[in-house]
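Each of the next two complexes has chain A plus one other chain: chain B in the first, chain C in the second.
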Partner chain A sequence: MTGPHPNLTPSVIFGLGFLYLILFCMNVAWTVRSYKKDGEVHLPSLLGGGHAPFALWWGLYSALLSMVTFAHFTGSGNPDQFLISLPDFIKAPIDALVADPRLFFGITLLIFIGIIVFRRRLATPTAGWILLNAALLFLILSMTDYDFRQIVGKPDNVPIVAMLFIVGFFTWLYFNRANENDERAAKGLPPKESENNEKILVWPDLVYSELICMIALTAFLFFWGVCLQAPLEEPASSVKTPNPSKAPWYFLGLQEMLVYYDPWLAGVVFPSVILGGLMALPYIDFNKKGNGYYTFNERKFAVSVFLFGFLPLWVGMIILGTFLRGPNWNTFGIYEFWDVHKLEALNNINLSEYFWGGFGMALPTNPLIREVPGIMLTLAYLVFMPQLLAATVFRTFAYRMGFLRYMVFSNLVLLMAALPIKMVLRWSLQLKYIVAIPEYFFNI
Partner chain B sequence: MADKPSTEDILKKIRQQSAAESGAAESGAAESGAAESGAAESGAAEKPADDAPASAETSEAPAAEEKAVPSKPAAKAAPKGTADILASIRAKGGGAGVAESGASADAPADKPKPVAAPKGTDSILASIRSQGTKAGDTGAGDAPKAPVAKKAAAAVPAGDLPPVSEMLQQMKAGKQSGVTAKPAPAKPQLRIPTKPAKAAAQPETRRNFLVAMIATPFALAWALLGTISGVWLLAIARFMFPNVLVEPPSRFKIGPASDYPPESVSTKWTAARGVWIVHTTQYNGKDLIYALLSVCTHLGCTPSWLEGEQKFKCPCHGSGFYKNGINFEGPAPRPLERVGLSVAADGMLEVDKSVKFQEEKGQWEDSKSFVDAALV
Partner chain C sequence: MSVGDYIRESQIWKSIFRHPAPYDRRNRIVVVLTNFFLHLHPVSIKQNGIALSYTWCMGGITFFLFLAETITGVLLMFYYRPTLEWAFTDILALRDVTTLGIMREIHRWGAHAMVITVWLHMYRVFLTGSYKPPREFNWVIGVILLVLTLLLSFTGYLLPWDQLAIWAITVGSNMARATPFLGHEGPGYQLLNLGGYDLITKVSDARFLLLGAREVGEETLNRFYILHCVAIPLVVASLIAIHFWRVRKDGGISQPL
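Moving on, here comes the complex of A and B:
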């Protein structure tokens, strides 16, 4: 078992023991909170029936964690015999799921839809705590895998792991607050924010809290900078590119976009549209509700569209780029070894080749004639789709926004949808470019 | 030009004139015999007497007075409060008799409404504009209510003096005629002879002076800025032509053709020079040796040659190229580029990186882009 890439070593087991210890402490605190707030539950007859505080479950779970912690601290001497690790029969299916970008994208979409559909159940404190525990347990257990440690433990990627938890927390927070206000609105009450709006002073109240936050954050950055070494590499060379070569984590969404689109689109047009579009949102929005308080029911469309662009398309692509893209930009499972020679069939074909080949004809030599089908499709998408949408799903929007605002809005939506559309086309039809005119560096 | 008067001189003269006018106004009021209104008028006239634009106002006063005296409402027709005075000043703007004559015409006729004077901004503006050419006419046209109006209109231009700002404007515009025409019939003494003289002698030089005062520093500053930024631009452009290029020459020899066996890709020169030497029959069936530039056609990363898979694979976005350089997977839109390859006089192969050959443009047919292995 102890090869060059051992899954478990004494130091790993000992370190994971500390993570379990932290988790244990967190859950002890939560048990106390639960005892004070959660009330009682009916025990199943197996446990003798009757009533018991809900905190009993958390107490039992904490006790289990304490035992696991103890096992890690005492059993680190013999990694080969150590049992608490992720078994291969769990790793294999997870790898198979995430290593395929199609399935990965499908999963992120399902999670996104699940968040919205089950928001009432998921955005309660207890559900949030269970989700946090599940995520942390998954992370700690996965750390028993060598390849997973290599990816997650890279100094580059540590902040991304932290970011995922932060994104999860703030999404939960939003839905928690929005649910509360939506319930109040259903009862005819004003939003909670309008109740507790006593003004406080900038000086000293706000400035002091800002000062404390500033000091704490600076201290944290110092701590981080000391603990994790900067991931510096060899001197740069124009004839040698690291493999894989990754953008900074916040640009991994753009880098993923570059796999499907030409550089001028994915590197110039789409980023500009994202920035411009976000700036245009307040002018497009005609819904006056939800101003200054959390709500979901009053802004269903706006929140859903934004979260779709943010969670599956932006954060999802960052996860894909960080944890799943390996050498040669192939996708790898999270527990998979990064094999430089992993073979993925990616033979891609342009739309024009499909089109003229379908008629059994040779490609026309004039690039403009050759790309007629793609050009027509693109124009139809950008010119006729807004009209079609206005006549069907966006009827009220088109009416309330007026022509200009509606055109801006519908084009933003269409451009946002262009990314998943092209991804799906690439994965399903091996479609390389819809319009491919490399002669003039123009590809879509 | 010895008689070039300074700005101060001009202002002094204008002040003198207005003082004379206000005196005239007072005397006019006294003559009319309407004590209260006269007092009010003179008070109004005296206050702004040393203020140039006020001269227009005051000059009007007696004219109105003369007509308004007979009836009681005259007192009301004449401006009483500051607001009225201001209103009439505004209404007169260009120094027209319109407003005043309108008021005087209105007053005796029906209501003692001092506001009746300015008929509306439109009419005022119109009258001011037309005043530029003919003051009397419009005044009469605007106040046709009573027969008095005509008299007033005829009389008004006499006391009519445009505000200094307008006079200056006209002088600048070189329209002395307008200025002379207006004040000509009225308050005569110094004005008629002096003004036109000044106006005729002066505007050119003063304008030049002003232009010089204002324009010179700007022109200097812009010229300086332009020169400096031009020099900077040139200096920056100079960086495009370095004295010494710290990079390998674009032409270099890579040894005899026998170093590159058939169906092989040599990475010998990739790290140092950024080219692969490919010897293959896979492009068009002929046995060719050529040099591929190790730059991905998607975004410019350096692909790696994977011997096992017999392909070039880019680590940035996963583009893949066959051994012959043709793109087949990932986002790269076109084949890798060839650089020049030839046989030197000593029988060695020589790469020329200063020229590039793109397959999609049909440049791979160029004989400079490959060496026929059969001939070497």
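Moving on, here comes the complex of A and C:
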């Protein structure tokens, strides 16, 4: 077992012991909270029936964690015999799922829809705690894999892992607050934010909170700086190209778009559209409700579109770019070795080749004629789709927004949809370009 | 008289703080009005405006991180020379031989954290609908701040001059050569020509403007250094001031009407 890439080593096991210890302490605290707040449950007749505090489950779970912690601290001497690790029959299917961009995107989309549909059930404290525990356990167990540690343990990737948890937490918090306000609204009550909302003096209330916050953050930064060294690789060399070459992590969403669109779109036009769209947002959203308090029901459309852009498209693409894209920009599973020689057949075909080939004709030499079908499609998408939408799904929007505002809005939505559309076309038809005029660097 | 009172009664203390200690209501108001640093705040605010569960404190944390980056950044500048000869070795020395050698760590992790908190701040502002009238324009200023935060991080990424740095910047800046009309591999660049001569070439396009050269090199390092340490921070600082000013002028932190 102990090859050059051992899954378990004494120090790994010992280190994971500390993670389990933290998890154990967290759950002890949660058990106490649960005992005070969660009330009682019926015990199944198997256990003798009757009532017991709900906290019993958390207590049992914590006890289990304490044993696991203990096992890690005592069993670290003998990695070969250590049993607590992720078995291959679990790793393989997970890898198969995430290493395929189609499935990956499908999964993120499902999660996104799931969040919105099941928001009432997911945004309770207990459900949140279960999700947090599941995520942490998944992370800790995955750490028993060598290749997973290589990628997640990269110093620059640590903040990204943290970000995933933080974004998850705040999304949960949002729905928790929004559900509460939505229930209040259903009962005819004002949002919770308007309760206990007296004026208070900035000194001392705000000034002191700021001071405490600053001290805590300074301590946190020092702690982080001491624990984790900033990465420094070999000195720069313009001849040794690393494989993969990645942009800084917050731009990986854009780099991911490069797979589907040429740089002029993925690197220039789309980023500008994203920023322009964000700036235009307050002038497009004409819904007066939901200003100054959390709510979902009162602004379903706006929130869903924004969450779609932020969660699956932005954060999802960062995950894909950071953890799953390896050498030659191939996708790899999270437990998979980054093999430079992994080959993926790329056989993409342009729309024009499909079109003229379909008539059994040779490609016309004049690029404009050759690309007529793609150009027509693109124009139709940008010019006629807004009208079509205005007559159908966006009828009320078009009516209430007025012409200019509606055109900006509908084009933004269409451009946002352009990414998933091209993805699906690539995956299903192996479509390379809709319009391909490489002579003028004009490829769509 | 206690020592504290003695100090507070002294001429020096009184010359600095122009009012008695903020023990009573009147002086708690006066302190905020007369202190330069505190006057960024209003005198009183609604309870909800400082509720953690409402603002998530993310704007405040972003601002704190900006300050922390400024301080650690200035310290780093004492040690760092932006030349091909020294950049990498200076960074190496920062870790190995400098007293308090974790400033680079704090600066780098602080930068990552700032990118994350600025997103979360935007997330919060969106989810509370705080971009709605009358705060539309402050949201626009915010989006500009978001871009500038990313650019700060991006320009700083190059400075250690290691493999990670130049290739990340190479990947990022390669996109610029595909800028429509303005990049030498962008659609429509041929349209910009004068009497048959292309105006947009390898040495005159958007990428060249960014890099100061055809490839990421010493000119780029210099350019990014100045952008990172001087130009962008100045703009960000001014915009943050405007941003805060607008928060107050737009009626404080948003709340139900």
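As a working rule, the second predicted complex is superposed on the first by the 441 of 444 C-alpha atoms of A that agree within 3 Å, B and C clash if a C-alpha of one lies under 4 Å from a C-alpha of the other, contacts with A are read in each partner's own complex, and residues count from 1 in each chain.
In this section, a contact is a pair of C-beta atoms (placed from the backbone, for glycine too) under 8 Å apart; a residue touches a chain by one contact, two chains touch by 3 or more.
Nothing here was measured: the structure is a model prediction, and the numbers come from that model.
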**Prompt:** So, A:Leu46: does it touch chain B (first), chain C (second), both, or neither?
**Reply:** neither
**Request:** Based on the superposed arrangement, let me know which partner A:Leu221 touches: chain B (first), chain C (second), both, or neither?
**Result:** second
**Message:** For A:His341 in the superposed arrangement: first (chain B), second (chain C), both or neither?
**Reply:** first
**Prompt:** When the two structures are overlaid on chain A, which partner does A:Lys199 contact: first (chain B), second (chain C), both, or neither?
**Reply:** second
**Item:** Partner chain in contact with A:Ala362 - chain B first, chain C second, else both or neither
**Value:** neither
**Item:** Partner chain in contact with A:Leu83 - chain B first, chain C second, else both or neither
**Value:** neither
**Message:** Just checking: does A:Lys240 make contact with chain B only, chain C only, both, or neither of them? Give me first, second, both or neither.
**Reply:** both
**Request:** Figure out whether A:Asp262 sits in contact with chain B (first) or chain C (second), or with both, or with neither.
**Result:** both
**Request:** Identify which of chain B and chain C touches the larger number of residues of chain A.
**Result:** C
**Doubly contacted chain A residues - partners chain C and chain B** = 237-238, 240-242, 245, 255, 262-263, 267, 441
**Asked** So in the complex, which bits of chain A are touching chain B?
**Response** 237-245, 255, 258-263, 267, 327-330, 340-341, 343, 345-348, 432-433, 436, 438-439, 441, 443
**Asked** Which residues, counting only chain B, touch chain A once they are in their complex?
**Response** 270-274, 294, 297-299, 301-304, 306, 308-309, 313-318, 320, 328-331, 333-334, 360-361
**Fill in**
Within the complex, chain A is touched by chain C residues 22, 25, 28-29, 31-32, 38, 41-48, 50-51, 53-54, 56-57, 60-61, 64-65, 68, 88, 91-92, 95, 102-110, 112-113, 115-116, 120, 123-124, 126-133, 135-137, 139-140, 143, 146-147, 150, 153-154, 157, 160-168, 170-172, 174-180, 183, 185-190, 215-217, 254-257
**Message:** Could you list, by residue number, the parts of chain A that touch chain C in their complex?
**Reply:** 156, 159, 162-163, 166-167, 170, 173-174, 177-178, 190-191, 193-194, 196-207, 209-210, 213-214, 217-218, 221-222, 224-226, 228-238, 240-242, 245-248, 250-251, 254-255, 262-264, 266-269, 275, 278-279, 281-283, 285, 287-295, 299, 303, 306, 310, 437, 440-442
